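Letters A, B, C and D name the chains as they come in the text, with residue numbers starting at 1 for each one.
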Amino acid sequence: MNENRFQKRTLFLILYIVFALLPIYWMVNMSFKTNEEILSSFSFFPQHFTWDNYKTIFTDPAWYDGYINSLIIVAINMAISITVALPAAYAFSRYSFIGDKHLFFWLLTNRMTPPAVFLLPFFQLYSTLGLMDTHLAVALAHLVFNVPLAVWILEGFMSGIPREIDETAYIDGYSFPRFFLTIFLPLIKAGVGVTAFFCFMFSWVELLLARTLTSVDAKPIVATMTRTVSASGMDWATLAAAGVLTIVPGAIVIWFVRHYIAKGFAMGRV
Amino acid sequence: MELELEGISKRVGAQPWLYDMSLAPKTNAVTVLLGATQAGKTSLMRIMAGLDIPTRGTVRVNGQDVTGVPVRERNVAMVYQQFINYPSMRVADNIASPLRLRGEKNIDERVRSLAQRLHIDMFLDRYPAELSGGQQQRVALARALAKGAPLMLLDEPLVNLDYKLREELREELTQLFAAGESTVIYATTEPGEALLLGGHTAVMDAGELLQYGPTAEVFHSPKSLRVARAFSDPPMNLIGAEAMNLGVQLNSGPALSISLPGLVSKHLTKALTVGVRASELRLQAGEGDVALPGVVELAEISGSDTFVHLSTSAGEVVAQLTGVHYFELGTSLTLHLNPAHVYVFDAEGMLLVAPQRRGRN
Amino acid sequence: MITTKPVNQKAWWLVLPVVICVAFSAVLPLMTVVNYSLQDIFSPERRVFVGTEWFALVMRDEELHAALWRQLTFSLAVLTVEIPLGIMLALAMPAKGWKSSAVLVVVALSLLIPWNVVGTIWQIFGRTDIGLLGAMLQEMGYDYSYTGNGTHAWLTVLTMDVWHWTPLVALLCFAGLRSIPDAYYQAARIDGASKFAVFRYIQLPKMRGVLMIAVLLRFMDSFMIYTEPFVLTGGGPGNATTFLSQYLTQKAVGQFDLGPAAAFSLIYFLIILLLCFILYNWMQRVGTDSKEGSDHE
Amino acid sequence: MARIDLDIAHSYRANPQQDEDYALLPLKMSFADGGAYALLGPSGCGKTTMLNIMSGLLAPSSGTVKFDDIDVTQLSPQQRNIAQVFQFPVIYDTMTVADNLAFPLRNRKMPEDQIKKRVGEVAEMLELSGQLDQRAANLAADAKQKISLGRGLVRPDVSAVLFDEPLTVIDPHLKWQLRRKLKQIHHELKLTLIYVTHDQVEALTFADQVMVMTRGRSVQVGSADALFERPQHTFVGHFIGSPGMNFLPAQVDDQTLVVAGHKFGLPPGSALPEGELKLGIRPEYVTLTAADDRTALPVNITQALDIGTHVLLTGQCGDLAIKARLSPDQHAPACGDTVWFGVLGSHTCFYKNEELLP
């Protein structure tokens, strides 16, 4: 009976994995076909295997600039999110102060606010500040949901470190910055990694704000893709190749944090 | 270092954690803070260390008021009951860290000699997480000792260790402290540990400092019932009694002939409490002994001693017998006690009579 | 042991950067929205204070009501499918070894795909001429078209959301399952518990915390869904997949009705805030309840 | 109820080569039906491994486990019909106390009226009757552990009940009462009980027979008396008793016993082999003797501690430290005094290669 049960579970898992991978595979499959082949025949493997679609993307600045812009935006956002979230998370995990609980709740509500709500004011605000169509504009806009998330995850990891370590360090004579950088940070390495992963994830995948706040110079790949669709008709092959390339960074990042990811999710305490 | 606490009290919110107390631990010797959990030992230590500021009162070091001085500017060392080390540093770096911060010389050499003294020199290149609990606590101790701080605070440092390891490490600690280079404050919940450490003892209970003095003296002449309760393991047998002509009458038990001090007011002698240490109850009757018959509830064997729980007409009592003894549950047994070896407390719980100390000239 | 956190008002200094950041990116915009919602703006120079007129207008908007109901139905459907499916998936995932890592990465993959690419993937996948799913359904005799049939479109968006987000639920549950001490499983074996009893009396109660987070996150996030249906169906056919965010964006960017759009934004925000507050309080209450019950862990 | 025979070895590695690779070295042991046993040893000595092999949570890498001469090595805990109580309370959060206690019985499809009766009895025994209808999750740690104990004891027909350090989470003040409960339960139910602990008090109080283990090896099985009086192995002498036994290196040459440079005649009636030995004497049996006593060593007192009920002396004889525990009635020497410690007597044991000589 045990054996049987085990097989049922495995079967379910395999079915799910097929469900999860098939749509992605289909896009990968298409990215190696020509548009003619896509529209004329129907096959599980490319009949006329071609790298052309990828060549298009890597040679046309209209395409590859999108990736560079996306990476810059995500990097800026990650850096700011983690830098400001670290001290705040430390404060929440170590001290109680007036209004701490309300503040924490208020931060979380921002994670829960629909970006669509901020669309108008962001547009106005960044126009006024002359930030429109810059990397910084999108990175800042993404702080709305990434900073609360970063504080939340980091606070969880920090609460797992006994406070006595802090005190021992002060007794030993460490100053706060030195203690924080040389002793505390190495202890929550995993937490910082997981936080970076989540910041990456949410900033990388967001479209609405990114598209609204950019036009040319800072246009991220997600926006490039949606516009290309409407502009050049249906260039399915190139679109598929572009889609595949957006998955690659995510897949790489997730491989690095695979050991911590379960733990990172477990930190989701309220 | 000379440490002096004067009129210290601590409240957190509306809750008092420490009531007004003054204490001057003996300089460059060991002082044990003895009390159950929540007695206020840790709160008091944190004030001594400068981790917390008392609500009222002053902390003086060598005569200077240091009450508000933050911990970083004081020269103290502290060891916690959890094994606190820097997990991201190797053992050697852990021990060296306070030395490096002060930019001292011959760090490697000093780390090595300390590690040798605490028998962890073979683990210097490992990380704390790779060590057993006992070894981790040795690292924490080595780091605390490395500072050579004149004030050393240990908050139940052995409580999370296996009992044999505790025995070993405790002995090594007494040897380290015997050098008398710093004032040592050692918190523990175990009366036995306080006795093994010797030195002086301050008994605490529910945020109050009850008694301070040389350990053996506090043990043998507890000022009050509360001190006696806190400083006895197994718990002192306490039996209600009444004063009578030539001694005391145990409630529903035998009478003991004890001479009570004359100058005690009547109302205090009405409801007395007689305290008998478990070790004063024995199987063989001696001269002048009083018999206490009962039924065995359980015999606990610790190896060196057997603790017999006995249900008697005067209530439940525990006797400590040397060596291994077997008693079936429910058998009848008569224990004997010498009236000269009991304590008597008055109605307010203050000591009236203490047994004479034996084995002394 | 230190039981309570020390009170330290200086900690505000550590929190200050976050407050400034979020104030800049959330409070300021929100104030602008409030400002817009109370005025009729003809041009930057010409604006008239209109009070709660826009709110009244939005509240009476039939299309908005329809969108709200569509949204609620969709969010509930998302929860009904994704939560059980996520739990099953977590139970089926291997716990140790390279297999565990590999499955974890494969399962998590869909979370890292940009939302519009998710739309694109399904846009391709569901087309009857070039997509595997569409072609297969056609082959099997269904007259499937997510661009022509409202129900098909709605179901396709739901399937896409399940594909996209079930892994989040699964990963949360997986983390919850990993935190159950071995002793519980051993005790269950000793007590002779069946697999179902283990699930019902050990795994499910121990997953309660993460499950509540999963429900909260999935409910809120599905409430804000925008990009995927935007790419896949553009809200159509008709209004079949026009959810709140679509409708708002249409109003704000498409028609540039600043006043009503702002009022709508605020109402939307308040609905979310209210739901969030209710859920948060509920979770805190249940959370403290379970904490009392697990002081040894 | 059953007699349990073990003939096993266990290694967590695939190909054990040296002794260190084994969690449990080859070992034979028989647990009599209805007996109370304890496995005592420091952490990492293999006692929990042995317990899990008996309960069937772990299959031994070699050997057999027999219940009443039936080989059960490959059977599951359920098939072995065994009960086990763990170190930390395991309770089913969503159930009431009564449902928790009834759980093992319900899983075995016992009729509901019998379950009710049995749960009532066990609850009565553990003083949980008043809390039967409460949710188990909201109770204090010691009440939870009582529930775990109750679930272990609730099945009337179990082969054995195994305890894995069950009193770790119990407040010291309550420990002795639970110990008493367990002892009473053993008395009344006559179950085979096996108890794993690192605490000598727990082991010696609870069990009729104690197995002392170190580094995957059983070094002695015996009663509390035997472990105290005649430790079969130096480890037992060291581990049992506080402080443990004194061990003094000794040498037998030519019918003379040499300890720390002092010569003694061989104890009468004993045939000690020539060569290196260890002399073991418990601090309780070290006596103060007259100077130049033929059974004594001169020591310089380095520590005299009044530990309330006793006086603990540490005497230095050359490089050797000897501890002695004196009754408070005796006149104790002070630090720095030179006195004579009697170390040869009827309680003195001799060890060769750490094993007791007959």
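The criterion applied here is as follows: a contact is a pair of C-beta atoms (placed from the backbone, for glycine too) under 8 Å apart; a residue touches a chain by one contact, two chains touch by 3 or more.
As the structure is a computational prediction, the values presented were derived from the model and not from experiment.
The minimal number of chain-to-chain contact steps leading from chain C to chain D is 1. Contact count check for A-C and A-B (C-beta pairs in contact): higher for A-C. Between chain A and chain C, the centres computed from C-alpha atoms are 15 Å apart. The centroid of the Cα atoms in chain A and the matching centroid in chain B are 55 Å apart.
Note on chain placement: the centre of chain B and the centre of chain D lie 27 Å apart, centres being C-alpha means.
Chain D has no residue in contact with two or more other chains. Among the residues of chain A, those in touch with two or more other chains are 164. Residue positions of chain B with contacts to 2 or more other chains are 82. The residues of chain B lying in touch with chain D in their complex are 132, 162-165, 167, 174, 191-192, 195-196, 198, 216, 219-220, 277-279, 297-304, 307, 309, 320, 322-324, 326, 329, 358-361. Only residues 52, 55, 57, 76-78, 82-84, 86-90, 92-95, 103-104, 107-108, 135-138, 141, 144, 148, 151, 169 of chain D touch chain C when the two sit together in their complex. The part of chain C that touches chain A in the complex is made up of residues 2, 4-12, 14-15, 17-19, 21-22, 24-26, 28-33, 36, 88-89, 91-93, 101, 103-117, 120-122, 124-125, 129-133, 135, 163, 167, 171-172, 174-176, 178-179, 195, 209-210, 212-213, 220, 223-224, 226-227, 230-231, 244-245, 248-249, 252-253, 258, 261-262, 265-266, 268-269, 272-273, 276, 280, 283-284, 287. Contact residues on chain A toward chain B in their complex (touch as defined above): 162, 164-165, 167-175, 183, 186-187. Listing the residues of chain C that touch chain D in their complex gives 181, 183-184, 186-187, 189-194, 197, 201-202, 205-206, 289-290, 292-296.
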